[in-house]
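Labels run A, B, C, D and E following the written order; every chain starts at residue 1.
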Amino acid sequence: SAGTDTAAPAGSDVLTPVTVGVIPIADTAPLYLGLEQGFFEDEGLDLTIETATGGAAIVPAVVTGDYQFGFSNLVSLMVANDKGLPLKVVNSAVASTGDVESDFGAVIVKGDSPVETLADLDGKTVSGNSLNNIVDTVMRASIDRLGGDSSSISFVEIPFPDASAAVENGQVDAAFVVEPFVTAAIESGQRVISYGYADFDLNLDVAAYFSSAATVEGDPELVTKFQAAMTKSLEYAEANPDAVRAIIATYTATPPEVLAKIVLPKFPTEFNVDAVTALGEAALKYGVVETAPDVSTFLP
Amino acid sequence: MLSVRGLQKIYKVPGGEVEAVRDLTFDLAEGELVCLVGPSGSGKTTLLKCISGLMEQTSGTVELNGSKVTGPPKSMAVVFQEYGRSLFPWMTVRANVELPLKNQKVPKAERAALVDAALKSVGLDHVPKSYPWQLSGGMQQRVAIARAVAYRPQVLLMDEPFAAVDAQTRADLEDLIRTIWKQLGVTILFVTHDIDESVYLGERVIVLSSSPTVVQEDLKIDLPAERDQLNTRALPRFMELRSHVYAEIQRAKLGPVTEQITAQRKASLK
Amino acid sequence: MRNQRSAAAGPKAKALGLGIGGIILFFLIWEATPRLGLVSDRYLPPASEVLGRLGQYLTEAAFWKDVADTMTSWALGLVIATVAAIVVGLIIGSSRFLRRATHTTIEFLRPIPSVALIPLAVLIFGTSIESTLLLVVYASFWQVLLQLLYGIADVDAVANDTAKSYGLGPLARVRYVIWPTALPYLMTGLRLAAAVALILAITAELIIGTPGLGKQIALTQSGGAISSMYALVLATGMIGVLINLGARIIEKRVLSWHPSVRGEVVL
Amino acid sequence: MSPLKRIAYFFGLPILLIALWYALSFGSTNFFVPKPIELAQTLWTTWIGERFVDDVLPSLGRLAVGLFFAIGLGIVLGLLIGSTRWLRNLLEPLLEFFRAIPPPVLVPLLMLLIGVNDSMKVAVIISGAIWPVLLNTVEGVRAVDSVLSDSCRSYGIRGFARIRYFVLPAVTPQIMAGVRQSLSIGLILMVISEMFASSSGLGFTIVQFQRNFAIPEMWSGIVVLGLIGLGLAIIFQFVERRVLHWYHGLKEITHDS
Amino acid sequence: MLSVRGLQKIYKVPGGEVEAVRDLTFDLAEGELVCLVGPSGSGKTTLLKCISGLMEQTSGTVELNGSKVTGPPKSMAVVFQEYGRSLFPWMTVRANVELPLKNQKVPKAERAALVDAALKSVGLDHVPKSYPWQLSGGMQQRVAIARAVAYRPQVLLMDEPFAAVDAQTRADLEDLIRTIWKQLGVTILFVTHDIDESVYLGERVIVLSSSPTVVQEDLKIDLPAERDQLNTRALPRFMELRSHVYAEIQRAKLGPVTEQITAQRKASLK
């Protein structure tokens, strides 16, 4: 890849500017890597990464065309699709590790908690970062699959950074957290009872890159270029975990010693259609969407 | 010049009405100096507020130079009884006196001269940079007087302007008012509690009844035009006049004169 | 009042000393809370650790860049909000008709949280500084406006009559009577607004992700860098203290005639 | 004022603005911008019924408790701090420090110290709504009329009696200015407090709508907030007229002329 | 009973100092009624504020019954020159008068009787439910007087308490003060601008120089104890005394007396 760093794209001097709105977490490392490695430049794209802390700021910007692409979890995109928002999924982004013993998202409990599995959570209080979204959908599905009763559980919203403290202080019985808080929780003596995403499906696509319908229809060439660059970036990230850890340090505030220990997600280039279909059905079952997405048109 | 006709003022208060002024009718000729006396609470301040267009009367009219007064006329200046609150605490003494002139766009040099002269005439040329709240009560009141004097109004309404100043200063200020009046030909309506003062100062003294108020007496002061603190006050006619006013006020205080009696008196005066 | 006078010997130094004493007391309590195990130090690190981290930040150029970004949104937003509120306030405040006619609308718009306007802001301005500005302006505008309206209502009847009787028109009265009377209220409004503007600048950065201290706080939060986060929160608070200090100095100058200021000099 | 005039004043400008909005949004197809009629329908279907009882009422309850304490504490602390110079010097930097911390940052800390419960949400409301009352009270106490203050002292009116008969009434106009600010800030913080560690409430619901792209519903939630604010303002005005009748009498001598 | 020794008061103003009172020394015996006169701005209000413990003097001492005054003593009541601002606008007239008594935990029935009597004595028994701002200037001033009278203090300080009332009411109030003084044995220090009033009221008249202020004259008023508006004022001795005070004030106004001269005068008086 050393060659691509310096080689100017032959033929076209002028790069097409493209802005992607993302959340600055480990999940979006491939995009940063792709920028660093020049994969976007190779495709004739002049990439600008804009960060936001959630979809609330990214989606409107993509819809208005301020950003050409955005990053969001899949259930949010299903909801948007359900509400008739003109958004299109264009590329895979991040998925569970395929390992039920180690993933980047987990349900944690206090070290001395009697809770052993998701099925023991009946009647208890559980937190997720945002309700009626991917986190509680996968938890509910797993609980019910294990013979528990997800409707007996009261879910509350607690942001990932504060969830471990809430578990420790007994304010919630269990919490869904993602890295780096999974590692931190385990180190402080808390226990993982379920790697939530992997438990739902070993290879669950958690989030995706999307664009507006207007961009997809009006500038298919741009989308193709983005997809090509993204694929290269995802492959590169998947192959170079150390590079991933290194680049995360540049755009997050996670201390390096923590970064060295966290579990990285998978960066697939293709969607796991079955898992997405199951996720859609779960979202429908738990009332997150009114109609399950038609996966054949929902995915690119 | 200034004509008050059938003026009535009723204050609306929660749970009732207060008829402060019942029926006042009198005229001020151009360049007259008239003193207004009356018991405490007889509506002198109320009357002044109506004349100056600051408050709307309940009925009756006030006319200045033939046109109805509906808002404060520019050519009028008022010295308020509550002198302390009529000075702006955020301005120095000088700025307080200067403000109306500045507002009238009087050129700077002329303005400075007028302010200096006015402050000097009330004996306050040494404190122009002080703030009102750094002054004694009497000094504050004199600032308010200086402001009115510097403004050179056509009509000057003064509500007990000397209440807070000492006897000597009061005498000086009385003479100042008469001097200004003669020099500038300004029309003055002067409210006071001091009977001697009303006689000494005025060309006419109007005595108000107690509330609800009517004009109880309208007395011509036939003293010489040139007055002087020592000699004028010693004149037998002065003594007569002050005794008359005193008696009238005492009568006023005995109780509100009924409209009937007032009507009679009015008729008899014509 | 008596102790005010005894403080006359070096009152400024004494006031400063007390203020610093209060801050030290606060830090001591903070230091003790995790050390005594009242709260786990994984969730609330002791003050010393956070102060150390803050010290480190102070040497980093990136930190100062964030501070500059936040302060730019703050200052711009505050100025726009204040100027707008003063113009609107003086117009509405000096007319009884407008005061009544706008009442419903103002009371309806005022409690709408700026944060609820984030989608709108992003929709109109994207994630540029204007989005943050919109939120800052919206939130601080009402603070100033309302205080100003109350201030205008407080004009002394005799003072206002005096001005009227000397032929001061509505504009002149605004300048010479209404404005000075409302100024103390306005200063309080400004101090309220200055804090709200800072809060909104940080909150907007935090949620929208425009560059500044707020974004950095969000990053340290999601990155699990807890002492860094508290160090940044501390920095935010300190900026608030500095802003208030500045406001106090301006106030002392502008309101030297006002009882709240002069009372301490004279009595 | 006649009732008719009152109604005209109340609805005049809002109707004008809605008409303008209607005209402007006529041809628009923007997903994020609602239309008046659509919004009115959504308002009705979304908030009347179960949601009102489950989400709006509990929020209002917390708001009421939060405001009660914010106003009470603000007045008490304000009187204390305003009349004691050393206390003011001691606390002012600290208070300014806490005032500058954005509630979204404060929430995790309060969660840590208080827990995930109604008390925490009430604490968030207090933490923000107290400032206008506190600041206005402090400033008001500092600016009381010197002659009145001297009158009290010369009659030996001190301590609690001084507060009750002199300082408190004298400062009431300023306090009321602060309270009015606090009402809307409290409402804002009610929303913010429900954005974290929550599972129901008006604020929570609005944020849910926003996240789930239920845009008309989200706007209808904002309208509900505005209406609640308006309701608070009307109650407030009623109370203020009562508490400050002397003040309005005093000031309206000229205003009416 | 009340002893003022070497009292000096310097006001600190931005950019300098104002020496309002330079050196005042005098005594009031228990149950004395002393009038204080002096030019406007001579420091009468300042002096009263120091005596009542409302303001700290720069140097010198004030002693009441042998103990230093450092704060407002309970047994003292003050009627302020700025009467308008000394009334609580949020309280009715009655509540204003009642407040100090309530604060002293005077039983309800006794309180009501005292308030009624005081309001009646100043001629305001018809407006107890009005608010101060619904009253005329003179009425407001009388409310302030009623409040002090109802309080039944041991020492009563009054700062131009009759400035805003009419002549007739003034005469009535003067007699009221003398009656109260005789009945209750209260010690009174009474500031006035009216020279006749000072002579008519006082057992002693203290004349202050203009600022920076010293005692210029301390005059015993050797008029009969029983005074009456018509006869007393007509006494030749009354005329003599008022002329004397008048001359002193005029002298005071000519300029601040130097300390030296004052010292001489003091020596010669002994």
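Throughout what follows, a contact is a pair of C-beta atoms (placed from the backbone, for glycine too) under 8 Å apart; a residue touches a chain by one contact, two chains touch by 3 or more.
In UniProt terms the chains read B, E = ABC transporter ATP-binding protein; C, D = ABC transporter permease.
A quick note: this is a predicted structure, and the numbers were derived from the prediction, not measured.
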item	value
Target chain B, source chain A, minimum contact steps	2
Mutual neighbours - chains that touch chain B and chain D alike	C, E
Busiest interface, counted in C-beta pairs	C-D
Furthest chain, CA centroid comparison against chain E	A
Averaged-CA centre spacing for the pair chain E and chain C, given as whole angstrom	48
Centroid distance [mean C-alpha coordinates] between chain C and chain A, Å	38
Rounded Å distance, chain A centre to chain E centre (Cα mean)	84
Touching two or more other chains - residue numbers and ranges from chain B	13, 49, 54, 82, 85
Touching two or more other chains - residue numbers and ranges from chain C	43, 118-119, 123, 157, 161, 206-207, 221, 258, 267
Residues of chain A whose C-beta touches two or more other chains	54, 56, 60, 63, 159, 161, 165
Residue ranges of chain E in contact with chain D within the complex	49, 52-54, 71-72, 74, 76-78, 80, 82, 85-91, 99-100, 103-104, 131, 133-134, 147, 151
Interfacial residue positions of chain D with respect to chain C in the complex	9-14, 17, 30, 32-33, 85-86, 89-94, 96-105, 108-109, 112-113, 131-132, 135-136, 139, 142-146, 173-174, 176-177, 180-181, 183-184, 187-188, 191-192, 195, 206, 210, 215, 218, 221-222, 225-230, 232-234, 250-251, 253-255
Residue ranges of chain B touching chain E (in the complex, touch as defined)	11, 13, 18, 37-45, 81-82, 84-85, 130, 134-139, 142, 159-160, 163-170, 193-195, 246, 249-250, 253
Sites on chain D touched by chain A in the complex	31-32, 108, 111-112, 115-117, 195-199, 204, 208, 210-215
Contacting residues of chain C [partner chain D, same complex]	3-4, 7, 14-16, 18-23, 26, 39, 43-44, 96, 100-105, 107-116, 118-120, 123, 142-143, 146-147, 150, 153-155, 157, 160-161, 184-185, 188, 191-192, 195, 198-200, 202-203, 206-207, 214, 217, 221, 233, 236-241, 243-244, 258-260, 263-264, 267
